[in-house]
Structures are given as C-alpha cells and as structure tokens.
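So, here's a batch of structures to check.
Paired with subunit B in one complex and with subunit C in the other, subunit A is shared by the two complexes that follow.
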Partner chain A sequence: MSAATEGATRVYRRPMPSGWWTRRAHYFWYIVREFTALPMAVWLLWFLVEIQRAQNGPKGYYPHSSTGFVIFSVIVLLFALYHSVTFLSLAGVILHFRVLDRPIPSRLIVLSQFGLWLVASAVVAFVLVYFGR
Partner chain B sequence: MFAQGGVIAAVLIPVHVLVQGILGPLGVPVVDRHYDTWISILGNPIVKLYLLVLIAFPFFHFAHRLRYLLVDLGVPAAKSVPAQVIFYGGAVAVTLFTIWLLLTTAPLSLG
Partner chain C sequence: MPDKKITVRATRFDPDKDEKPHVQSYEIPFPDDSMVVLDALNYIKAHVDGSLSYRWSCRMGICGSCGMMVDGVPKLTCNAFLRDYWPRPVTVEPLNNFPIVRDLVIDMDDFMHKLKSVKPWIIRKQEMPLGAGEHRQTNEQIDEFRQFSQCINCMLCYAACPVYGLDDKFLGPAATALARRYNLDSRDQGLKQRLPMVADPDGVWECSFVGECSVVCPKGVDPAKAIQQTKLDTTMRFVLPYGNRE
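And now, the complex of A and B:
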C-alpha cells in the first residue's frame, strides 16, 4: 500500500448525538448504573475525612451529624443499592460452575450473591453498632 | 481490580452508608459517633486492612466506570493515555493516602 493510499484511509465514526442516552429508558438506566460510581466515591472520601478527624484527639473529633449529610447519604444509598442489584445480578452471566458435570443454574448463582450481600451487611452492621456501645 | 472493586462496592458500601451515614446521625450508637470507640476500633490491624480493602478496591472500579462514562457521553479524550493516568492515578493516590491515614491515625492495638 502506498503512502498516499494509506494517508487517504479514514476510520468512519458514526455520529452519536450527545443526548442518545435520554432516548430510551434502557439507555438512561445504563448511564445511571455507570454514574453510581461518582456518589459512592464522594461518600468514601467523606469516610476518609471521618477517619482523619480521629487524629484531632477527643476534643477535636466530631462526626458528621447535619441534616444535609443525612440527605446526601440517603441519595448515595439509593445509587449504591442500584449498583449492588445490577452488579450482583450479572454474576449469573459471568460465573459458570459445574457440579457433578452439571452446570449450576445461573439463577442459583445470582441468589448466592444476594445471600452473600445479606450476610455481609448483617455482620458489618452488627460490628458497627456492637462496638459503638 | 475492576471486578473485585465492583463486588466489594456492591456487597459492603450500602451497609456503611446506611449505618454510618444515616442511622448514626439519627441517634443509633454507631462506632464512629464517639472518639473513644472510633479510635479504639481504628487501632485494630484487621479493621485497618478491612478499611483499606473497602476504600482502595472500589476506587479502581470507580475510576474505570467514570472514564468510560465520559466516553459514552461523547468525550473521546477519556480514552487517551493522560486520561488513564488521571483516573487510575487518582485511584492509586487514594489508595496511598488511605494507607498513610490508617497507619498514622491510631496506634496498632489488638485489644
């Protein structure tokens, strides 16, 4: 291929309107799923601030308690739950196991992931409250 | 790291947000509401390791998702090497900061 022909070759890029994700509910919820990362990241940064405040000593330490923070956490919780449901539901597609040469149904794999989520949440909640007394 | 971070975020973040972000400020006695209980549990090496995993892994997941969110929204520059350095470098920076914070906030204690 000559240099001139090579230079003339162009990759066709199909134009994508900027608001494509607002055209169908499925597209919209896909973008929401990807967006869940941002509020969760911001909440974890707050969590780091909470850890850092412990360096201030007993007189300088104060946890977040404002109404605004609670509202922010409620919003983050909704995004976090959406991430959990969508991510754990994918386990049935991604994970494949065989027992006695028979494939485990994907529904069972998804159920096990949700079971793991429930147990882990109960354990973490117990520890956070038990050691807070 | 993307998949592990996604699983850890899915399994562990909602309960922390619910308990420490909502129930605690509303009056439930959660471990971070008082300095003595918070500093005591932060000194535990297993807790330090747990918090590092809870924070570091999801940030690599978040970095990847947010970079491709920008690509999906029509920002092709998010595919570039500088963008990768910014997003994944940000996750590395958060990880290093978390390690430093956990090592300097409370002395190690098994009690």
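And now, the complex of A and C:
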C-alpha cells in the first residue's frame, strides 16, 4: 500500500495484491479458465511437430505413445473441455438475436452452441476415423 | 439472548495523522436480527466513536452511497444483515480499487469522470419542440435497455473488478452498462459520440470477462453482458459493410 497526495486531499492507494485471484472462488475459476489456454497451446505446438514428422506418410512414422504424453494429453483434453464448456455457456450472455422481432432466449442460444459443438465434433471424428483407416 | 453482541472491525485512516490504514474493533449490541451493517456503523458513530467516517443516505438500497467491502465482498451496507455474520466478527473496509480519503470513504472522482465521459443521457441530433409530443416507445423497445437503467452508481462493480484494480484506465462496468443503456434507447441518437470511449482499448476491449461485476450488482444489472455485447456490436460495425450505422 502507498500513500499519495492528490491536490489538497491526501488519499491512500491500495495496490492490487499479487494473490488477488485467491480472494474469491469466482476469481480462482476465472484464472483457471484463462490458464487452460496455455497447456492447450503447448499441446497444439506438439501436434504441429507431429504433423511435420508425418510428412513422408505412414511409413517410418511412429506416433508418441509414452505414458507421459498420454497423461499430458488427457489433462489437456480435460482443460479443453472445461474451456469449451465455460466459453459456450457464456455465449448466451454475448450473443443476442431477434426472430420475428422477439429476442431469442439466452438458454436456447447456449443449447444451440452446444449442439453445434457436438455436430462439429462428430464431423471431425468421422473424418479422422473414415480417412484414417 | 438478552445481551447479544457483535464485533465490527472497521478500517480507520486519518490522512492528517496516519501513514497507512489500520483496523479498529468495536463490540456493539446486536439486539435485533433485522440490523444491517449500516445500523452497526451508525451505532458506533452515535454511541462509541463519533469520528468514524463513511457515506450513507437513503438506507433502502436506492441511493448507492453506502457501498463498502463487508467481509471482503462489495455490498451495500444497508442491505448486508448482521445475522449473516454473527457470531463471527464482521469486517468493514472501504470499497476495493479506489483510493481511501478517510476511514471508509473512498475517492470516487475517477468513476464520476468516466461516467460523464460516456454521456449517460439522451442525445438528439435535433431536439424536438415540447409541443411536438412525447418520444413514444413500445414495451419491447423499453425491454431492450430496461435492466441497464437500474444502475444506481454504487460502484460495487468497480470494487469487484480485478481488471479495474490492475489498470484504472479501464472504463469499467457501470459506465459501459450505462453507455449501452442509452445506445439501446430508441429515442437516443448519440451512439457515435459514445463510441470513442466504449470502443477504445481502455473501453470494452480491456475487459477479460471475469463476470464478478454482475455477481455483486445489488440491482440485478448485468454489466458483463453489456460489455460483451458492446464488443460484438463494435466488431460487427467494423466488419459488416452496413455496420457503420447510427
């Protein structure tokens, strides 16, 4: 904390403590939500390296299957799911549409986001399984 | 329980004497379950220590004057019941993220400046003469902005916002909610005058959607929603060919 003089009135400014995010559960989960992007970015960089390694086709390519990599991937998957759920849940706050001059309820917007997510996941899974055979 | 008491731990700061704030404890009678934190402060001022300074006015959750940190949470002290804290001591501090003027009184100049900067009033390109009649609105048009008009400028949202706490250049929740309230008003034509403030990097784009501003609002306003929707609208104005409309 520090004291400061502003004009004729002396005021006291309290600096933000570095542990502000531990003050309330809401702050903590906000930091978790933001932090999940970091391991996801690391995993995606690793994924790019794997794509580069596979540029010569299936011959001579052996994907990582070490226990450490599998555990890391599972943890990143959980982070990705948490990030996706929180992001899509907030869509109802952000998006606002009107149909026939009536606003669409935010719950419907959120449900539609989760529906689109499921469809997109199914399409990606189909592409991976069908073309990966 | 005839002699029920509660301990109030209040922040004290005298700018003429103290280098930094300190906490002072007061044990006061708590005879009535309907007592609120503001009642406790008024008791202390009337019967124990008349030098304790704090703001209050209406005592009914309308004026927005008595906002303080109650056990670390921004609250209107007229709406924070002692029974929710008893038998533990209740800690009362000035609102976070604002400079302290004295005891529980904060300096609200920054907020007032930001509030004025978004021009929270109806702007018309050309005023209609009074004789021309009212600016009539449908219920649907009022519903567009109704919740944002409930803001009482209590600044609890600023005290809850870590983004404002880390960078006080941020326009902040209440000012943005009020800007949106007028931008959504069918009678208003001042959108382009408010955009330089709300669409600035220190405006809505500084917000990282913590969302605590909406949690602590005592009037059910959702400033986080106002900010995120303003982000979307300003992006659409930039991206879409017809977006730069009034």
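Criterion: the second predicted complex is superposed on the first by the 113 of 133 C-alpha atoms of A that agree within 3 Å, B and C clash if a C-alpha of one lies under 4 Å from a C-alpha of the other, contacts with A are read in each partner's own complex, and residues count from 1 in each chain.
Following the convention adopted for this analysis, contacts are C-beta pairs under 8 Å (C-beta built on N, C-alpha and C of every residue); 3 or more make two chains touch, one makes a residue touch a chain.
These numbers come from a predicted model, not from an experiment.
In the superposed model, A:M16 makes contact with both subunit B and subunit C.
When the two structures are aligned on the shared chain, A:L44 is found in touch with subunit B, with no touch to subunit C.
Of the two partner chains placed by superposition, A:L108 touches none, neither subunit B nor subunit C. Within the superposed three-chain model, A:H26 lies in touch with subunit C and out of touch with subunit B [touch as defined at top].
Contacts of A:E34 after superposition on the shared chain: both subunit B and subunit C are touched.
Put subunit B and subunit C next to each other and count what each touches on subunit A; the higher total goes to B. Where the contact sets of subunit A with subunit B and with subunit C meet, they give residues 16, 21, 34.
Across the complex, subunit C meets subunit A through its residues 13, 15-16, 19-21, 72-73, 96-97, 99-101, 107, 140, 143, 162, 165-166, 208-212, 215, 222, 224-225, 228-229, 231-232.
Put simply, subunit A touches subunit B in their complex at residues 16, 18, 21, 31, 34-38, 40-41, 43-45, 47-48, 50-52, 54-55, 57-58, 61, 63-66, 69-70, 72-74, 76-77, 80-81, 83-84, 87-88, 116-117, 120-121, 124-125, 127-129, 131-133. Contact residues on subunit A toward subunit C in their complex (touch as defined above): 1, 3-4, 6, 9-14, 16, 20-21, 23-24, 26-27, 30, 34, 90, 93-96, 101-103.
The touching residues of subunit B, counted against subunit A in their complex, run 6-7, 9-22, 24-26, 28-42, 51, 54-55, 58-59, 61-62, 65-66, 68-69, 72-74, 94, 97-98, 101-102, 104-106.
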